[in-house]
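Take this structure, written in structure tokens, and hold onto it; I'll ask about it next.
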Amino acid sequence: MYFASDNSGPVLPEVMAALAQANEGYAMPYGADPIMEEVRAQVREVFEAPEAAVYLVATGTAANSLALATLVQPYGTVFCSPVAHIHEDECNAPEFYSSGAKLTLVPGGDKMTAEALRATIGKEETRGVHGPQRGPVSMTQVTERGGVYSLDELAALTKVAKEFGLPVHLDGARFANALAALGCTPAEMTWKAGVDVVSFGGTKNGCMGVEAVILFDPSRAWEFELRRKRGAHLFSKHRYLSAQMAAYLRDGLWLEAATKANAACSRLAEGLRAAGASFLHPAEANMIFAAFPRHAHQRLHDAGAKYYLWDGELEGDPDEVVGCRLVCDWSASAENIDRFLELVRG
Amino acid sequence: MYFASDNSGPVLPEVMAALAQANEGYAMPYGADPIMEEVRAQVREVFEAPEAAVYLVATGTAANSLALATLVQPYGTVFCSPVAHIHEDECNAPEFYSSGAKLTLVPGGDKMTAEALRATIGKEETRGVHGPQRGPVSMTQVTERGGVYSLDELAALTKVAKEFGLPVHLDGARFANALAALGCTPAEMTWKAGVDVVSFGGTKNGCMGVEAVILFDPSRAWEFELRRKRGAHLFSKHRYLSAQMAAYLRDGLWLEAATKANAACSRLAEGLRAAGASFLHPAEANMIFAAFPRHAHQRLHDAGAKYYLWDGELEGDPDEVVGCRLVCDWSASAENIDRFLELVRG
Amino acid sequence: MYFASDNSGPVLPEVMAALAQANEGYAMPYGADPIMEEVRAQVREVFEAPEAAVYLVATGTAANSLALATLVQPYGTVFCSPVAHIHEDECNAPEFYSSGAKLTLVPGGDKMTAEALRATIGKEETRGVHGPQRGPVSMTQVTERGGVYSLDELAALTKVAKEFGLPVHLDGARFANALAALGCTPAEMTWKAGVDVVSFGGTKNGCMGVEAVILFDPSRAWEFELRRKRGAHLFSKHRYLSAQMAAYLRDGLWLEAATKANAACSRLAEGLRAAGASFLHPAEANMIFAAFPRHAHQRLHDAGAKYYLWDGELEGDPDEVVGCRLVCDWSASAENIDRFLELVRG
Amino acid sequence: MYFASDNSGPVLPEVMAALAQANEGYAMPYGADPIMEEVRAQVREVFEAPEAAVYLVATGTAANSLALATLVQPYGTVFCSPVAHIHEDECNAPEFYSSGAKLTLVPGGDKMTAEALRATIGKEETRGVHGPQRGPVSMTQVTERGGVYSLDELAALTKVAKEFGLPVHLDGARFANALAALGCTPAEMTWKAGVDVVSFGGTKNGCMGVEAVILFDPSRAWEFELRRKRGAHLFSKHRYLSAQMAAYLRDGLWLEAATKANAACSRLAEGLRAAGASFLHPAEANMIFAAFPRHAHQRLHDAGAKYYLWDGELEGDPDEVVGCRLVCDWSASAENIDRFLELVRG
């Protein structure tokens, strides 16, 4: 009963097999391995983007920070949600990689609205040389609270960015889960919706540690390569990053894994709803923010279930309702979900 | 016949097996996995350093840059060899991670001498607030040209550093190869010789991508953790770093692999010497810088041998002597070495 | 009728005279001039702080950024008002000087409240290594909207900082105006109220370009000196900074100038009130944020009065009320103020 | 007898008068003062560069660091002399402003030669993404050891830079002294010789604290403005920078002052030569590096003469020859020089 995060589950067997296979013989280092050729072709095909520049790194924070560093100047600012991972969970990595750019938080909740974004961008850069200069808009899909922007919502946000001539970054640490939820194509959720650069996550969806950065406009590709090396994110034994991503993209494995995770999440959410839980945020992909009485949390805890309480403690009035976050990855079993629900119901 | 680098060979089977085993079930992310507990205990035992702080990253540049960033101020300078990896091969990563510190090159060759180091440090910081302030000394073991500092040489350099109150970093990307060459203990080659922080390489010696940073004085451990996260080098699925390092250190696998690499290198060097090659640098561990006639390089090239020419091109006067670099990893076979030598002899 | 800013008026005659006098003969550069000795003694006496480290720079942004850089780590965050100069008007200089620290905005208005500050600090650093670490609290006195924190308000804020073990910075670009308004001693408004480092402004109150940074705890003084030099803010002909500050502090000139500016502001504010203007913020020192009908702004504009409209344009419905900012410096004459008021009244 | 540096002498009376005059009335801040209009026109006329972008800062280190930051990427390197001010005397300011670029030292002495520059640039960037990328060439005129590059020497260096497509910066802290020595036009010593950006010094040649940065290609002007503000080098009471530079450039005052300084230096050098002193470097502008017996230094010291010993101490064998640096500014009087020489002769 492990619902703490989608980074605590095992690696997909197909990815493990690909690593074993990649281990045969010798390969040129630093991205010159032949599997990387394959990855590049796969990404371009999957995204219908034959010109895209494609790079691999091993952490989501690296993908985001390096992507943003190519889009913002040190005297600029990035527009994002107040709960964006780049703001709350990366220990100033975007500020570090951008040599001291700012993050401007768009007021509101988890999802940015086009209106709030327009108002926020509009206010910035009204002080000439004195204030930070407008930089990229960064959206997160799946959002930090388990929401999924619709294609219309994405397009409305990127339209605002384009009005101001600003580039758009998509933090897709859970890209596949969002895509599975929307049922659209990768192109529709990215460049067709106005996205310029994507952090395309693999780690949370069954890889060992690999994320792609996809630049639909390759004009800053060489700069990206230099920044990646300078950030110490260029792997010498790069074939093992390539092998993960190649297996992940082969035969739709990535979507299959995300579909499983989302389905597990739905099963869990429905069961919670039936058990009387309330929801702090709509569960649109593979994350649930739900609340139910403390006694249920206590039963789960005693049974060894792993997940984060979102507000409040395990100790206290047994009948008080306490929120929690539950995340499903590809490996979540119906059996574990049902056992979890049984414990909730008591 | 792949002698291009020790980062182009396969991962040790024991390390692959450990990754497969680590893939069972769930584990807490970001270094809270139980295997990391084991790694910490192993490193402390191997280095006879029960207080040491131990962290894992995936690239040697990350290990070096993060280690140095905890030792130097932005207004300081790092003393190193003119051919140090941190100076020539990391695309300004040390400058980036240290927020703009300088690297001061100690005149001379590959290995620093205590005299040159003392003279160089002495000259620095004679301008008060105007010049950079003295910072750490960084040594590389195995050196970039395949040399190994003796324990006396190491101690002489760290003695100079201590005279000036400066900390000492050891870039041990090929730590195991140096240790196998010297036949001393890890403690003797590090803290007993005056080293404060070590980049302890795994990748080049048969791991997939893992390096440990060992701080013998743990007082800056938390700062290191924050810098690692801010640098985007904290892995979410950390168990796969831990598993590599645990297998590497288990039952002396790391030394066994290095001993194999060094032995392969010796066989190759002896054969080259017998074939009349000259040596640009003494081959003391697993790297050879040798020179022999171009016609031999051409035969090797035609037969598919992979290695770097060090000065000069493949095309030209067949009898001209051309230098090259040859690196052996744990997987180098006697068969391939002998075939290589046969081609050299013509 | 020049009320655009207190940085657009002339330099005090005493300061000009001091510059002329300092121009005799030769003086050692870079802060080793004898006048700097005098300044150091003056500041220590005025602030009743015999141990304080005292440094001069030429811009307020330099004073703030360098002060904050000694108080915050690159992986930390500074707590400040959402309208703080360091956030809105310094083009990311604090982020630059701190090597990429963050600014966390305390929700609310111009003045921070202790409650909001405590809640904001409390929320930060709940994510361990993932989020930024808590850093200094920075308060602005006079605030950006012309308010003055009472001694009790200052103490309440610094108390919160101390609860969390955080240092406190005071942006005193208009320090003298605040002090004149409160009628307390410099010590009471700073270290006795819990302030650790002050940006003590001279430029806006009649100097040519000089600000002191005062570190009540001198333990990081040398670091400050190095950061100042590295930031290119150490003046070679330093005596001309010293001379300004020495004249400014001599015989209470600084307080006299601020008292004049505040009195001019009061006269202007009273006149505006009498003329029916409303106030966007209480005018507690030398800045007014007032609103009156557009036709009055148009008359003022036609007569050559200089000041900033705060919201809205000069063109439009003549009867609509439009806000503006009016700042008085030491040189504001009763004659100009009365002429301004006459034009407001129409 | 003050020959310690040209930053320890008084400000030119014309500059002081201009400051007094600029102090009348009100002026818009941050470079929008009308005197800055005049300065811009003057610089463009003096340099025959009608398109040039012109900015003022208060220190030479700021001028150099900001200029270089617009010319080099964080993953690049600046080519300069091993004794360049930007390398030895700016406490890592260029590294700071460029977000961590490197400085690559061109082997040789004070003056770079085209051959050494070509060889050094050629070696850099042969490692693809692994090493720093080639960036600007920075030359110093007058050099740090008192030499003056001829127009041919300058052109030979910039030709090398252009071969590699690299921009050229000129550190002209003593620009006027070099120009007076060469007797050419400002255009000939800059853009006609292939220089792209100049740090045009005023401070050392009789101003209080002002340096111009001149970008002959204005395409990066706005970036420069943002970097200047972010570096805290945009003055609010900017008119006092403008006034200095306007007076300095008016009616050839700047060249007149430099001519005086150079003439004083010649008188001093000739007298030293006659007295049997030797010269460590040719004295081509307003700096002398000379050596004479210690007893002469001791007499000078006792008589209160101020200058730096270059190698060696005041105490020791009276007959030993000890080097020193002597700098003349515009204010050096024949009387003081002759008295100095008399003391040398003993």
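Remarks
We just call them A, B, C and D in the order they show up, numbering each chain from 1.
Everything below uses one rule, namely that contacts are C-beta pairs under 8 Å (C-beta built on N, C-alpha and C of every residue); 3 or more make two chains touch, one makes a residue touch a chain.
Per UniProt, the chains are A, B, C, D = L-threonine aldolase.
The structure presented is a predicted model; accordingly, all values stated were derived computationally and were not measured.
Interface comparison, B-C versus C-D: the higher count of C-beta contacts falls to C-D. Comparing mean CA positions across the assembly, the chain most remote from subunit D is A. Centroids of subunit A and subunit C (each the mean of its C-alpha atoms) stand 42 Å apart. The distance from the centre of subunit B to the centre of subunit C, each centre being the mean of the chain's C-alpha atoms, comes to 51 Å. Separation between the centroids of subunit C and subunit D, computed from CA atoms only, is 34 Å.
Residue numbers of subunit D whose C-beta contacts span two or more other chains: 74-75, 90-92, 96, 99-100, 129-130, 133, 226, 229-230, 234. The touching residues of subunit C, counted against subunit A in their complex, run 74-77, 88-92, 95-96, 98-103, 127, 129-133. Contacts from subunit D toward subunit C in the complex involve residues 2, 4-5, 7-11, 16, 19-20, 23-29, 57-62, 65-66, 90-93, 96-97, 203-204, 208-209, 226, 229-237, 240, 306.
Remark: subunit C residues 30, 73-75, 99-100, 129-130, 133, 223, 225-230, 234 touch subunit B in the complex.
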